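Here you go, one structure.
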Amino acid sequence: MSAKIVCFGELLVRLGAPGRQLLLQTPQLEVHAGGAEANVAVSLARFGHRAQMVGVVADNPLGEAVTGELRRHGVDTAAVQRADGRMGLYFLTPGAIQRPSEVLYDRADSAFVRAGGGQHDWPALLQGADWLHVSGVTPALGAAAAEGTLKAMRAARAAGVKVSFDGNFRPKLWEAWHGDAPTILHAIMAEADTMFASHRDLEVVLKRPFAQATAQERFAAAAQAAFAAFPHLQRMTATVRVQRNVDHHALSANTALRDGTLHTTPSYEVAGIVDRIGTGDAFAAGVLHGLISGMSDADGLHFGLAAACLKHSVPGDFNLVGVDAVEAFLNQDSFDVKR
Amino acid sequence: MSAKIVCFGELLVRLGAPGRQLLLQTPQLEVHAGGAEANVAVSLARFGHRAQMVGVVADNPLGEAVTGELRRHGVDTAAVQRADGRMGLYFLTPGAIQRPSEVLYDRADSAFVRAGGGQHDWPALLQGADWLHVSGVTPALGAAAAEGTLKAMRAARAAGVKVSFDGNFRPKLWEAWHGDAPTILHAIMAEADTMFASHRDLEVVLKRPFAQATAQERFAAAAQAAFAAFPHLQRMTATVRVQRNVDHHALSANTALRDGTLHTTPSYEVAGIVDRIGTGDAFAAGVLHGLISGMSDADGLHFGLAAACLKHSVPGDFNLVGVDAVEAFLNQDSFDVKR
Amino acid sequence: MSAKIVCFGELLVRLGAPGRQLLLQTPQLEVHAGGAEANVAVSLARFGHRAQMVGVVADNPLGEAVTGELRRHGVDTAAVQRADGRMGLYFLTPGAIQRPSEVLYDRADSAFVRAGGGQHDWPALLQGADWLHVSGVTPALGAAAAEGTLKAMRAARAAGVKVSFDGNFRPKLWEAWHGDAPTILHAIMAEADTMFASHRDLEVVLKRPFAQATAQERFAAAAQAAFAAFPHLQRMTATVRVQRNVDHHALSANTALRDGTLHTTPSYEVAGIVDRIGTGDAFAAGVLHGLISGMSDADGLHFGLAAACLKHSVPGDFNLVGVDAVEAFLNQDSFDVKR
Amino acid sequence: MSAKIVCFGELLVRLGAPGRQLLLQTPQLEVHAGGAEANVAVSLARFGHRAQMVGVVADNPLGEAVTGELRRHGVDTAAVQRADGRMGLYFLTPGAIQRPSEVLYDRADSAFVRAGGGQHDWPALLQGADWLHVSGVTPALGAAAAEGTLKAMRAARAAGVKVSFDGNFRPKLWEAWHGDAPTILHAIMAEADTMFASHRDLEVVLKRPFAQATAQERFAAAAQAAFAAFPHLQRMTATVRVQRNVDHHALSANTALRDGTLHTTPSYEVAGIVDRIGTGDAFAAGVLHGLISGMSDADGLHFGLAAACLKHSVPGDFNLVGVDAVEAFLNQDSFDVKR
Amino acid sequence: MSAKIVCFGELLVRLGAPGRQLLLQTPQLEVHAGGAEANVAVSLARFGHRAQMVGVVADNPLGEAVTGELRRHGVDTAAVQRADGRMGLYFLTPGAIQRPSEVLYDRADSAFVRAGGGQHDWPALLQGADWLHVSGVTPALGAAAAEGTLKAMRAARAAGVKVSFDGNFRPKLWEAWHGDAPTILHAIMAEADTMFASHRDLEVVLKRPFAQATAQERFAAAAQAAFAAFPHLQRMTATVRVQRNVDHHALSANTALRDGTLHTTPSYEVAGIVDRIGTGDAFAAGVLHGLISGMSDADGLHFGLAAACLKHSVPGDFNLVGVDAVEAFLNQDSFDVKR
Amino acid sequence: MSAKIVCFGELLVRLGAPGRQLLLQTPQLEVHAGGAEANVAVSLARFGHRAQMVGVVADNPLGEAVTGELRRHGVDTAAVQRADGRMGLYFLTPGAIQRPSEVLYDRADSAFVRAGGGQHDWPALLQGADWLHVSGVTPALGAAAAEGTLKAMRAARAAGVKVSFDGNFRPKLWEAWHGDAPTILHAIMAEADTMFASHRDLEVVLKRPFAQATAQERFAAAAQAAFAAFPHLQRMTATVRVQRNVDHHALSANTALRDGTLHTTPSYEVAGIVDRIGTGDAFAAGVLHGLISGMSDADGLHFGLAAACLKHSVPGDFNLVGVDAVEAFLNQDSFDVKR
């Protein structure tokens, strides 16, 4: 069952050091397209859905390149506008062992940030859509982008389109323009049907701690508070990530429903990580696929976690695996070479 | 003690994605020469033996390149014929973590498959040889190749040359031409002195299950059945591979002799796998080296397993390490840099 | 003015040696998507038109990759079907100085060749189209592909869609299946409105020599004969290529019209060639752009030649430059760095 | 004879497509450090002088990398300050044949531009210096940078340090902030002892055309006007570049002295250009080396031109050749391999 | 608190196989600058100290390249002399899993070895220095180098400059010239204030075994013997490395003081090693940083071990991380991406 | 007609900067096998002859790699001995435009130089051989190598094996050990049947100038003198190379026979040179092929020159083209892509 999902957000150019080198240790950079919402769009397209990207890129070869990458992977880019200005960039120093990866953002004053998002004809774009997906990165970019995000979400709600929101809290981005994160995110969360968020995101927005003993209890308490605060919210979900070192994590996930149900998954050891960037977006896309495809919440959560685990094995920001690979993960009886 | 071993089979060109990328994620392919029997030939040459490859390659730069690679590593390629047609290719998507590697064969209708193998002057080629080595990949390629394999084995037996056979069961290849695998493989196994095969290979050929509780028991039962079915067979050997994930396996090995003796090795953890392709062939070459060199069956089995473990650390299909490296593995007192 | 152009033909995977190396001199291959008609489609998409590719690719990562490359560059691939089978490949040894480049085709029995093209719903595909573009490579691939080409052209003619045909005569492909090139190509040329062909193409089809003294006279005589033989034909055009060495050509072009008019361009020195593959397709796309955009035949011819010249500076099969770059070529007042 | 030369300007990170590819045609970028004045500093350091860079870089790994590159080549970077903000970047699409190279600047709002240059303790920095070198790129970056440039030049003049100025007129940079180029550059040229400038630079500043028949006459007339307008100016020099195509230029150079003397060089064919960026800076460094080393103006001009020609053979922005290589060029009796 | 540390030793060019390939498996080599004492110098420079390298390089592009690399990373190379002769090289085959890395030295008769080190004006070089650092590699290179090492150490002691010595015992180097390692090293150790050495180094020099039951007991006993033998010695320190396989070690460290105090650290698992070369030098630099910065011995030991652990994640011989990264390791609360 | 040619000389490892970079401008080296006589052996093997290499390599992975490369290209390496010591290396900075390529030799004290060549059992090695080929590089390496060369030549003459000698005069190598080049080379030339030498080689040996007006006259005069001095000499041949710049040469060639006949070829423009190293060896191999194959001297000279021209288009030291490619050059009717 294929659905149409509209994703709104900034496309980024990632410039990363090769292998495990430090940034510019040797004079080469590997380039990937990225952006939290674009990552979701690509994954959904690879899962067979009609994913449409909405946003603005610079009217130059960088903007053309990242738009082309989305198209390459099956995302509809007809609603990606071009404008004067610069592309948002980020430089990545891949980590290893006990040296964490580092992201150096160079995205201030991009064509996307200047435009904000209010300029799109949201009712037209959302026509025939099943879902709108946005994330907390966009409102963190500036007042206009925050406005644009809200405008898009409200247009979706008005049109009967489901809305998913991924917290993706980025303190440095908010600080850069002294944005009032709690207030803005509160307004945004109020429009979401499904939310990808941890107890930490809720701590920021609800301005209260969740200090329960276990990760699961903290999540459940935060979800309960979220359902109380946001009447439209039906579902909150998040991964739990235990980091043994930079290259080896253990992942599980929880989904809380408004009726108090809590689903949880087994924990998977993800050792020998190839690329950790975009794994949260892969989770979101997997969970959305479950919802769209009519899976149960438990199955969809498991599907999303499997997608997230697999993303750790794929270089770049995009989760390029298909539904078959995720299902093979869930039914895994062999890790051997497939011939 | 250097011996002459004749290896018969198809040479392949492997086209693999670099690093841990998906196939054609970026527009580059890394090329390796391969082929189950060629892998054995190269390893034996690196162990100091006179390994001779017999087969057919396309009369074009691809055929020349893989033949040249064998020569580079010391294999005698005088009996590799050139013919019109195409080279067998395979595309490799290297896996990672919980995403298995994938092999995409593009070897149908190759010059080798067209020729089959019956055209070689086997009595001449086997003159002065100590062993003939073939594998189950070749008869799986088509009727002519199955015929050629049998012809070579029977010529060897007639000439008093020992015959080793590696099961290497590839269902997809058999299915592609609706080959009668059990019948053909039964005839082939009947000609082998030493067989590299698991209980699963014997299940296919003997059309009966081996459902004992442990891997070792299944192997022992299958070996017993094999000795009953194949009066020439003196020795059956196989690795036991426990796959913790794509990058981390544990390996041990068993050898069963006609007299009922069962040898087994310790289990080695092979973590951070560089390249899993060709590890079974590395095992075969190691065991053959043991036999040729006059090692005891127990020592040869251990040598073969060590060779197989080491192959996991070498990129490409060939096990390029020498006898010294295998012996160092067996006597390992340090993993530190050798200066 | 944007138009819809349907391009029918096989998508190919090009596997080329890097730099000026011989094939597999080092174990790396650079991959490009290609195919004569796909090259035209990409160039037209880069020129701002709605280019739609029709064809069949293998249902595997290679097929996915080349389809994705077309999408990346803006070509509509909704009508590219997936089927079991293999992708057509070609290996490229790039030449240098006095050593010509060499193409090694490995495209026999591809999914495209098996399907042929008759299976497409041509009336539906051509709805709303302005042009259908095919080339002589497709009928050279086999009887089914020849049938499919004719079917497509006739459907276009029936639907009032203009038809362009690029000769692209490849003797080796015809010889491989003993196809009757003159008869088949005669039937095909009879359906073309615009033809990209040299006097040599017409010699093959009309089975008569054009031995005039100069290139221009041979072209004019061949065009005259073509107009006589093919009543639908309105326009024949071709480049004239003088090859000083592998890296340095001089290019000009001629267009003959049914009314006897002959347009010709200046000759351009193209020295330090980066990639000669696809330059004929770049010419075809440029001329088609001129026709679609309402340029005069003379201007369109000049535009096409400029596009062809520029293609020599772009790695790969596709002419990735836009209209601006071609116009800059035509108005060139500086070769200096544009800042 | 080694001298101390202070170079003031912005350090840039160049991100270029490999080979002759279009930008992001494949997902890799080659990185070089650059910047007009840094290029001069590096070349002078390679010629054996004490070159000191003054400027501001971002306090992040990019700033560290380009500063490190200067140090690597022998430039003193003790006066390169670090500050919050971003590094100036530029993306390079290398051209070929008739497709010009393209520079895409992404340097707005860099740490250097924010700081401007007025914050340096110029009297201290210039102590013991023989020359200050600045270029027209810096004042084009904004009002503060223009102020900083003038401040540096005036401090040099006050301290008896010779001042060289390279016009490097970049209209797009001036337009971006609506800077009054003629007025500002007039004030700057008034402080220069030696000026690298063409008649076009003077047309901008003096707001009058130089439309003489030949390049040399235009240069001579512009120089005459410059000496009239700028009483401190002693010497004006420029290359003459005839561009046969993107890869093949012919270079000569002229120097005009206040006393009316005009020196000129032979013309050199520079064919098969490897990297044209930074060749003007290489010329400036070569001429400065001549002046510092006590060469005659004619010899220094020839040395500068030779340095410029050689730079076309060196990848990147820096002219990494030493005095020996330039002298070998001037005495060239063989282009053969030096063993 | 920044200090001046003088490091004396040979600069080397490392030529390594890429990835996990065997040496020259493919025809490419990755180049790094190295040398035990240079590694210490670079790490100290990255920690903010004034590190000065003393030594001799070949007067050719290789010598220039490694000197430039040191400068790039902030080391003062004014005292690196150039001389006729060759550069010391070493070829590295990186290991994996159970296949150890292999170093192939090609450093005989280098310009450094010929010069030895006695030619430097040690009193002048050590003026204003806080520490002199040398290692056991240098005296192992030949009689002149051993003389030079002693001369430098004695000059330091005479000038009141602290002396650190890193054992780095390399039997093959000593054997190559039949050097009397115990006698020479005894004389050298007698000049050290701080010594990086294991019980094995002391076994060589003191010609007696340390066969205590545990690593810590052996170290303590060796230290006690060292303090007895070398009256100037104040401190002996060493890492303890448990090698689970080539890619996975566990590291801890001990420091023994003359007063009998023994400091020890926790053990850290270092899994997924990127580059093991230079990790001992990274430890030395970290401990020296602690001493220079006024840390307690316990804290300095921990800092040194953390630096050593982090080096395993950095390609090449140099530990390029800064103080911040080491402190983050010591306070590690997350291995997640830093944004 | 296939012949057996024995080539005696040193195998070298070439370490070259990629593209047109200066040596170690970026930290990568491309590796090729080389050596003047090995280059001849490889070319003859590619032409279908039984080429046998005689020499000594270091008993380490470098020696193994270059030996393997020769085997890969079909050279018999059974007589390549392994010995302790180092491999001869050379570093290559590829030139461009007016910047000449530079070779930095690092071959002193190699295993080959230590062994010299006298240790081979020359009568046995030459059994069944048609030709022995040596060059002036070998005697330039030291007294033992000069002795070995003479010994080999005299053994060949004794056995009725034809001897070819390529002058390859390398002054720096002779100077390094103060070898008496004229005397030694005189003795060597006295043993040659066919000599590849220019008038400059003869000037060195005969200690007299050849100052005729034209290149051809100088060659003819030198040949006349050579025939007078060396009674065994039947044939002297050389290329004439006019270097327009580093990337563009013009090549012709002359052969003088004892009977006074002088053959000459047309001149070919070789523009856009890919790799100039080994082109003289390619010429020698081509001429030898002509002699072996029974071509006339005129045809063989032309064949040799064509081979030399083609070598300029092949990266590395080896001329990897076959007889077909050379014949295509001689019959060249098109430089277009061969499909």
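Letters are used for the chains, namely A, B, C, D, E and F, taken in the order the chains are written, and counting of residues starts over at 1 for each.
The definition used in the following text is that a residue touches a chain if its C-beta (ideal position, glycine included) is under 8 Å from a C-beta of that chain, and two chains touch if they have at least 3 such contacts.
Just so it is clear, the model here is predicted, and its values are computed rather than measured.
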{"item": "C-F against A-C, pair bridged by the larger set of C-beta contacts", "value": "C-F"}
{"item": "Interface residue overlap between copies subunit A and subunit E, same or different (over half shared)", "value": "different"}
{"item": "Furthest chain, CA centroid comparison against subunit D", "value": "B"}
{"item": "Averaged-CA centre spacing for the pair subunit B and subunit A, given as whole angstrom", "value": "45"}
{"item": "Of all residues in subunit D, the ones touching two or more other chains", "value": "22, 27, 272"}
{"item": "Subunit F contact footprint on subunit D (complex, rising order)", "value": "268-274, 309-310, 312-316, 320-321, 325, 328-329, 332, 334-339"}
{"item": "Touching residues on subunit F, where the partner in the complex is subunit A", "value": "26-27"}
{"item": "Partner subunit A, residues of subunit C touching it in the complex", "value": "68-69, 71-74"}
{"item": "Interface residues, subunit B side, partner subunit A - complex", "value": "19-22, 25, 95-103, 105, 170, 172, 241, 243-248, 272, 276-277"}
{"item": "Residue ranges of subunit B touching subunit C (in the complex, touch as defined)", "value": "15, 22-24, 27-32, 60-62, 65, 86-87, 89, 91, 93, 104, 106, 108-109"}
